[in-house]
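Each remark here refers to the structure printed beneath this line.
Order of writing sets the chain letters: A, B and C. Residues in each chain are counted from 1.
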Amino acid sequence: MKELQVKILKDKIFKVLIVSLSLISVIPLFIILFQIFKNGIKAINFEFFVSLPKPPGEEAGGILNALLGTILLLIIALIFSVPLGIITGIFIAETRNKFTDFLRDFVNVLQGLPSIVMGILAYLWVVKPMGHFSALSGGVALSLMMLPLVIKSTEETIKMVPFSLKEASYALGANYVSTIFRVILPASIGGIMSGILIGVSRIAGETAPLLFTAFGNPFINMNPLKPVESLPLLIFKYAMSPYENWQRIAWGASLILILMVLFLNIFTNIIIEKWKKS
Amino acid sequence: MEKILRIKNLYASYTDENWILKNINFEIFKNKITAIMGPSGCGKSTLLRCINRMHEVIPGAKVKGEIYLQDKNIFEMHPIIVRRKIGMVFQRPNPFPTMSIYNNVIAGYILTGVKLKKEEKDRIVEESLKKAFLWDEVKDVLHRKGTFLSGGQQQRLCIARALAMKPEVILLDEPTSALDPKATRMIEELLVELKKDVTIILVTHNQSQAGRISDYTAFLYMGELLEYGETEKIFTVPEHPKTQEYLSGKFG
Amino acid sequence: MKTDKIFKGILWISGLFLFFIFLLIFISLFKGSFLSIKSFGLGFLFSKEWNPVTEKFGMLPFLAGTLITSIIALLISLPFSLSIALFLGEYFKTGFISKFLSYTTDLLAGIPSVIYGFWGLYLLVPLIRKLEIKLHVTPYGVGILTASLVLAVMIIPYASSIAREIIKLVPGDLIEAGYSLGATRYEVVKKIVIPYSASGIFAGLLLSFGRAFGEIMAVTMVIGNFNFLPKSIFSPANTMASVIANEFTEAVKDIHLSSLIHIGLWLFIITFLINFVGNIVIKKFKVNERITG
């Protein structure tokens, strides 16, 4: 029975290996979270939210410019991507032909593109003609990343709306437009919303395409035609800097960014759960 | 007559609440076909799975009681050993799609890492396929994948796979429910032939199948063994009123 | 019915607009890199000189840097992501610990790239530097190995979620057949689950490779930004994405900017091909599963 014991031992070792490798994989998460909380919490106080970063060497300073900038960038990205995304999502879901098949493939390609390519495009389309960096161009780059997510979530949720619902609407004499707006869209709003939130949580932390579009700005700017700071941009610049108080700001900003992303994720999950139940 | 399996005070469950099997007691005779019948949900598949401890594959399963193979309690043996001695054939034919027909037959050896010589493998493959009435149909395509075979052929391949391990008992869980009448008849003939070598326990919801091929029949109802005995007797003069009702098609 | 017509018109216009974006992407990237394509042609891919002063540009160092970091990251992450996939798809399908693991890997996937980079800079770089001192190589701290480690951590959640989906598609009755023949769980995993899902797992690897290939910030922050062919896994290097991130705002000469866009064009083409092949293989695996299983 020695053969059997070896076999059982091998089986056990394999299981232990699977379990330990799996658990090791999540250790980085806890290290990252721990370090960011530990270093970030020290940087954060009321002033951190309401003041601008100070020059190197000086104490304190905050990230107000980046917070407002991120909000501005997200708003621009949403304006460009959500209406267009929902309408094209409806188009792709409701129309079945070679053209929409092609568009569906294109959306998949767009989703798989490295974000830096979006940055290049926004640079070529907005920065170059305007002659300078701007929040607008950063928003365009981010909206290119949002667009496939909005289109796909719209398309998928609309397809999940039972056909009988649509039939019932037509049977009542409703036309196409009111069927879409009164029946189909309300029934799929949760799915579309969660798609948008997933998109926002992804672009909120996006840095690369902003490097040469939004560019960054040490001051508060709410003008879409001027360069603007964003949280991830600020983290990148300040983390790479040799100044201690800038690095401290980078830790604090990282904590805020992580909390933002976590909050969005939890919020999205709640929406998905609620929507699935109804 | 020699008894090969003894089931004593067996209880089984998948949840914490109630037992799916309640106090099952009976003995299975060697080289006979025993059919386990009963309305759906009566626990017949669970009983079959307990016999080679396949119930343990389902999370949360637990049992109480004993099952003796010859004189050893299978719950005190390692499940690997139990399953090598007691083979199983499933409701849906499930040959391994990644393996050739040849390798499917000796899959038990491949999976458990038993090294065999080429001649030995050839012999086992030929013998098992012949026993499963499949040799003539596949002897020229042994090294092709088995996915192009018909359902009946696939199920016979699975029987050959179980036979290749030289088990003492083979458990079949509604082996013909996914097959057409012709393939079903072939499997039935095959089982009657096989009982010379191996003890067969068959779960079926098909009464006439039980009547045609089994020597003994156990009737299970709501997790309890209501009646067990020679098939002829159960089908002609059932003792329990529920058995009577079931056989006359009152429920099923 | 007039509103219906108008609405359908709007739908079509939006579809055409999307198509227009598609065309514009190609035209812009091609036009933007035209100067570089004209000057260097296909030689751009194989030239190892990147020199803004002499205006000689070739992307071989970055192609090499990207390939090496991505492959090392993939190799490091493979045992971990397969383990998570087996953990969630086979060993612990339900229960507290499985929820915990899938939730934490989701969180790992949600952490912004720039934070991974920051973390790599502050935790990994000093560690690697110590290692390099021990091994008597130049202690840069930053370089290929550091970038690969950060990348590995980043692609584990992605790779494991694909592998888990694939492993879940292995028909339960095949696994049961394995157990009924007296195989242990290890034997069932090794000889039934893995062979059955091999093509799907391969596609998952390919897609994860695509992910690593296009990753930017985390790599940029820890790779050392060195525009020459890397000599060892400890040497600083640059990837295609990170050189664009680094030099785009500094590129004053037209040919420099055009060459950076040219790299972007190739990044586009390569990631497109990787995703395309990966998705086809996965689609095929799923269809196959439906027929035979």
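What we mean here is this: a residue touches a chain if its C-beta (ideal position, glycine included) is under 8 Å from a C-beta of that chain, and two chains touch if they have at least 3 such contacts.
The shown structure was predicted, so the numbers you read here are calculated from the model rather than taken from an experiment.
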Fill in the blank from the handout: Maximum number of contact pairs occurs between chains A-C
Practice task
Find me the chain with the mean Cα position closest to the mean of all the protein Cα atoms on display.
Solution key: C
Completion exercise
Farthest CA centroid from chain C: chain B
Handout entry: Gap in Å, rounded to a whole number, between the CA centres of chain B and chain A
Key = 54
Exercise for the section: Could you grab the centroid distance between chain B and chain C? Build each centroid from C-alpha atoms only and quote it in angstrom. Expected result: 48
Practice task
Find the geometric centre of each of chain A and chain C from their Cα atoms only, then give the gap between the two centres in Å, rounded to an integer.
Solution key: 18
Completion exercise
Residues of chain C that touch at least two other chains are 184, 187
Completion exercise
Touching two or more other chains in chain A are residues 7-8
Problem - Residue list for chain B, restricted to those that touch at least two other chains - result: 80-81, 112-113
Exercise for the section: Report the residues of chain C in contact with chain B in the complex, numbered from low to high. Expected result: 93-94, 171, 173-184, 187-188, 191-192, 195-196, 198, 292-293
Handout entry: Interfacial residue positions of chain A with respect to chain C in the complex
Key = 7-8, 10-11, 14-15, 17-19, 21-26, 28-29, 31-32, 35-36, 84, 87-88, 90-92, 94-95, 99-100, 102-103, 106-109, 112-117, 119-121, 123-125, 151, 175-177, 180, 201, 204-208, 211-212, 215, 232, 235-236, 239-240, 250, 254, 257-258, 261-262, 265
Practice task
Mind listing the chain B positions that touch chain A in their complex?
Solution key: 78, 80-81, 112-113
Exercise for the section: Show which residues of chain C lie in contact with chain A when the two form their complex. Expected result: 1, 3-4, 7-8, 10-12, 14-15, 17-19, 22, 24-25, 28-29, 31-32, 79-81, 83-84, 86-87, 91, 101, 104-108, 110-119, 121-123, 153, 156, 160, 184-187, 189, 210, 213-217, 220-221, 241, 244-245, 248-249, 260-261, 264, 267-268, 271-272, 275-276, 279
Fill in the blank from the handout: Listed in rising order, chain B residues that touch chain C in their complex are 52, 54, 57, 59, 80-81, 83-84, 87-88, 90, 92, 94, 96-98, 107-108, 110-113, 147, 158, 161-162, 165
